[in-house]
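Can you keep this structure in mind? I'll have questions shortly.
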Amino acid sequence: MPDRKTSKKPVLIFMGSENDHEVMREAVLILEQFAVPCEMRVSSAHRSPKRTIALAEKAARQGTKIIIAGAGAAAHLAGVIAAHTTLPVIGVPLDSSPLKGLDALLSTLQMPAGVPVATMAVGKAGARNAAILAIEILALHDARLRAKLARYKKKLAQSVEQKERLLRKSANKSD
Amino acid sequence: MPDRKTSKKPVLIFMGSENDHEVMREAVLILEQFAVPCEMRVSSAHRSPKRTIALAEKAARQGTKIIIAGAGAAAHLAGVIAAHTTLPVIGVPLDSSPLKGLDALLSTLQMPAGVPVATMAVGKAGARNAAILAIEILALHDARLRAKLARYKKKLAQSVEQKERLLRKSANKSD
Amino acid sequence: MPDRKTSKKPVLIFMGSENDHEVMREAVLILEQFAVPCEMRVSSAHRSPKRTIALAEKAARQGTKIIIAGAGAAAHLAGVIAAHTTLPVIGVPLDSSPLKGLDALLSTLQMPAGVPVATMAVGKAGARNAAILAIEILALHDARLRAKLARYKKKLAQSVEQKERLLRKSANKSD
Amino acid sequence: MPDRKTSKKPVLIFMGSENDHEVMREAVLILEQFAVPCEMRVSSAHRSPKRTIALAEKAARQGTKIIIAGAGAAAHLAGVIAAHTTLPVIGVPLDSSPLKGLDALLSTLQMPAGVPVATMAVGKAGARNAAILAIEILALHDARLRAKLARYKKKLAQSVEQKERLLRKSANKSD
Amino acid sequence: MPDRKTSKKPVLIFMGSENDHEVMREAVLILEQFAVPCEMRVSSAHRSPKRTIALAEKAARQGTKIIIAGAGAAAHLAGVIAAHTTLPVIGVPLDSSPLKGLDALLSTLQMPAGVPVATMAVGKAGARNAAILAIEILALHDARLRAKLARYKKKLAQSVEQKERLLRKSANKSD
Amino acid sequence: MPDRKTSKKPVLIFMGSENDHEVMREAVLILEQFAVPCEMRVSSAHRSPKRTIALAEKAARQGTKIIIAGAGAAAHLAGVIAAHTTLPVIGVPLDSSPLKGLDALLSTLQMPAGVPVATMAVGKAGARNAAILAIEILALHDARLRAKLARYKKKLAQSVEQKERLLRKSANKSD
Amino acid sequence: MPDRKTSKKPVLIFMGSENDHEVMREAVLILEQFAVPCEMRVSSAHRSPKRTIALAEKAARQGTKIIIAGAGAAAHLAGVIAAHTTLPVIGVPLDSSPLKGLDALLSTLQMPAGVPVATMAVGKAGARNAAILAIEILALHDARLRAKLARYKKKLAQSVEQKERLLRKSANKSD
Amino acid sequence: MPDRKTSKKPVLIFMGSENDHEVMREAVLILEQFAVPCEMRVSSAHRSPKRTIALAEKAARQGTKIIIAGAGAAAHLAGVIAAHTTLPVIGVPLDSSPLKGLDALLSTLQMPAGVPVATMAVGKAGARNAAILAIEILALHDARLRAKLARYKKKLAQSVEQKERLLRKSANKSD
């Protein structure tokens, strides 16, 4: 596995369908914010299985460190990828069937012993957190990312306080 | 695809773990009752993915007509097989996690358009019905199987009546 | 049972209500794409039970090979039909109650041993897959259908790749 | 429909399998307590459908006033009976699959408009209440039953008080 | 209890909130169609409990034969009424919380032994069926209602056939 | 309302059935540990409704400050009590049906606006927490109880640490 | 802990995000109606944990008597606050993820023994009831609030009756 | 953050209660198998919150790279830890309430954007996979671990094949 410095794109993002793009780009936006390069692929566990497996298998050789996979319904995508790599795989269950994501959640999460998928919340919150988790992993060996993460965490807290101030102002005005 | 007459084993039964054998042999027992040869394989979608795919891909060439796959938890087995064959795939969700089979049910059933899995009930009833469905499919071109199925169906009804008689007798006795 | 060649309509599609038509015609469109003739009937397990049973019972004699049944809520339609035929019955649970199809799913799937219903995903994906499964079954004895299925499967994979290219283009443009 | 006085057995109890007898006899015991004659039949909606329908159709002619039907899993029994009679049908969902009766509950309850099933709680409480509801219906035109029901209701309340006394005694003893 | 002939309004319909009126009037419309008089009351098990109980207790004395109660969320209305009467009580769970009626369904259905509530499907189908069940009960001693029910059942079946014809016509046109 | 000092039993504990005693006595044990007197009553919302209401209505007059109510299935007990008092009512859903307490949970929790029930976790943890919550409320005006609560909270934390030490010791021994 | 009379704001309302304001202000409106001062804070258990804990820890010292906390998804807010105070904590689960509040409900309710959260219904009904419960607790030592609560309860019942009258009028008009 | 080579214990395992030890030691056993040192702590998010936070906050400084947290019911442990560190946090939901782990699953998984928890399957499979995921992350910068992981993955597949052979043998014997 090449060193991270020589690898251009440490994060590889899969989605099972082009319809999942609106949700999964939330992950891309977070990674861009941290200047972590990523590549996005549309590939289905069921409709294009060979390509999915091929992409999963060569990921480590091409310098990928972490794979994120978002899929809905019988969401096998993350699990199938995890079966063909020893890279950490992060799964994002999507709400794309009448069952509101419960199917995707259980299909992604309930992996058998030996083949983990790091499962995130259903939908956009999960897509964003997949990116944060990837950054947390990369930051274990990247002091600059660690510093950025610390700032990000501080801003999260500050943003909550700021929104409280805005809310109070508007509440006072509406009195 | 070879003609059924020359094929020794038209039904191929997969299970994701040897622990699933107790349930999946219910399918074997039904097939034996109808004298339909079958072969049983233990192969996991996640722990032995390459072998699972290889077995799925060569099934049609070896005369298999129908594949039955039983798995629990994030039950991807039937779906992964269906992704690598155009044979009919029958899925049996198993109750092998604290979530009582709801996870296996949704993981097996909620397949995306283009890659169907004929899903059965959770557990032993599902394993038996997978065999019956396979026989119904084979019977479409096998008059002897059709006759057997008709007899089986008649016996199902007779057995209900017979059990009613036994129940009434024992109910009378206990008066 | 007449030979498939003499039978004009090997697939019979039931729906429990005319409101289910929008979903169930997805199955018709797939069958038309494969030039597999089908007939569509509106008949309810509960509101027109005698007619449903009569249609189910005579299906085999009229050359039907596979029955597809879509219904919502306490979706008994596929199960009632399966009780009156030995043809393979494919069930499509529909999302037509406040419970979002979970009721239809369990009512269709959890059949007792002896009377299988090949259950598909809830809604349109399920309706499409019911047609594909029917075609997979018919293809067991129809080399032309087998060839079409192989092409269909290839196109599924190609379509995923193509959509990836379009997505990347539009992603680049929006940069 | 014959008058209740000439009818020997105003209540007809169906169960889908002899395994359901342990639960459904709770209904019989309650009916015996109120001296309301009943008949018990084992008949499945799926395994012996014709007999089930025949029994349902002739029930009204034979003096049955109320039908109780207990079944598990894809519990179609009450709904199928309701489709073939205009007598009131009471459904008891049974806990006989890994899904703990949720499947039977939704399959029994979610009937389409026009064909009601009066659904009771899952299991023994439901079986007992099916008998009470049947008695409440019969009591609408039977002053003696109304008096018995009033006494039963009083005893329910007294029994709660009595059990409180026993509990307090034993609690005091254990101090 | 007065004889039905002297009673003007054999059916009493409760709803827990005026917001439930849109759904519960479906029951009224069916009862009007069968010329069965009914009275509608808005009364909550929790917000106006004394009045609810008073209405429930005097219902039998005022000639009510059957009580229908529709409520959402922690739907105690039907159960509370059933605790204060020996008339048959029919419960309609309503979809009025984020949990989509699952809360109302379980709160209405899972009554303890001794105090049954005849539970219907969630929402409008349930409201309609509550009326039909009430009519089925009244018809046990009313030959004219029995005849109307038989016609209603026949029309249900005919309406399904008619809708099939319309669907086929419009399907042919769109070809 | 009498002052707490003159009231002997500020906490009144209801359970819907004597079978619930094993769980609800967990609340009693906690209250005894804090020397808060309580009274226990068995009274059902459905089987002894008048008595339940009478007890609820007179509770405030008799010096009760907080009511705890534990019930299973369609657990209306806490809600019915809350409808007849303005004292704080704490509900404990019990796991006493095949649905594992989900029915009791939703029946207790989903109260309409205006009539709150402070709902606790399902089962023994919930019964214990009902007692703690009652103590927290009483402690608002009782400095000694506040001090005891502070010690209890400290001990909770210490107990966790102690158990860690024991675990580590036994883990070392088993090496 | 200061006496309530000297404390300006006995109720402290937390929400996990400014997006929860629309629901949580329902609690504020009820408290204002009862002239109970409250303070509102936006603070997240996960994004601003230190501030949340600091606010929780100093609440009692600043005269807060009751804390209300509303949060969605993995709703840890009420539980985290309860871990850092011995004041009564009321939790309001919010419907802010695809899982419709079921996640927030279970995350808020299922607290371990020792650390209770008084959980309310999902959404606006829950927010209103959190305020009523807080008032019920404060009323235990405030005769004026007790009188107000009694009036409020009476008005709840009257409002139901009034709405019935309006409904009947408009029903008559539409005849 | 110290380099991994100097750090003795890169993995820190939390459990919320000593009762969780039986499940969480599955993670320890896997880590031992890979010779990855770990430390185990019993600390509750609710009962010993300060200590939990203190341990979480100092983890990074002490050389911890990955935190695993197992908890049941309202399983806030992983989320609370994640709120106080930027290390990757892996959550294992445990089945320790009547709701069978569904509560722990949703409480662990549905984290808000910004604070991810890498959630594993419920119970022992999840505990084992937490260890594997931790190893996959450490292996990104540890060639020896990568080689071990590759061997582990190969053995997983071989073990499946071996179990198939044993199953076939015993199946043949039992003929």
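The chains carry the letters A, B, C, D, E, F, G and H, assigned in the order they are written, with residues numbered from 1 in each.
Keep in mind that, in the parts below, a residue touches a chain if its C-beta (ideal position, glycine included) is under 8 Å from a C-beta of that chain, and two chains touch if they have at least 3 such contacts.
Here the structure is a predicted model, which is why all the values come from computation and not from measurement.
Traced through touching neighbours, the fewest hops from subunit A to subunit H number 1. By number of C-beta pairs in contact, E-F leads when E-F and A-C are compared.
Chain centres here are Cα averages; for subunit B and subunit H they lie 35 Å apart. Shared interface positions of subunit F, defined as residues touching 2 or more other chains, are 17, 44, 47, 49, 73-74, 97, 99-100, 102, 109-112, 114-115, 121-122, 125, 156. Two chains count as a pair here when they touch; such pairs are A-B, A-C, A-G, A-H, B-C, B-D, B-H, C-D, C-E, D-E, D-F, E-F, E-G, F-G, F-H, G-H. Interface residues of subunit C facing subunit B in the complex, by the touch rule stated above, are 1, 26, 65, 86-88, 90, 105, 109-116, 118-122, 124-125, 128-130, 132-133, 136-137, 139-141, 143, 146, 149-150, 152-153, 156.
Subunit B contributes residues 17-18, 21, 40-44, 47-51, 73-74, 97-100 to its touches with subunit H in the complex. On subunit C, the positions that touch subunit D within their shared complex are 16-17, 44-47, 49, 53, 73-74, 76, 79-80, 82-84, 97, 99, 102-104, 106-112, 114-115. On the subunit A side of its complex with subunit G, the touching residues are 95, 100-102, 121-123, 125, 156-157, 159-161, 163-164, 166-168, 171.
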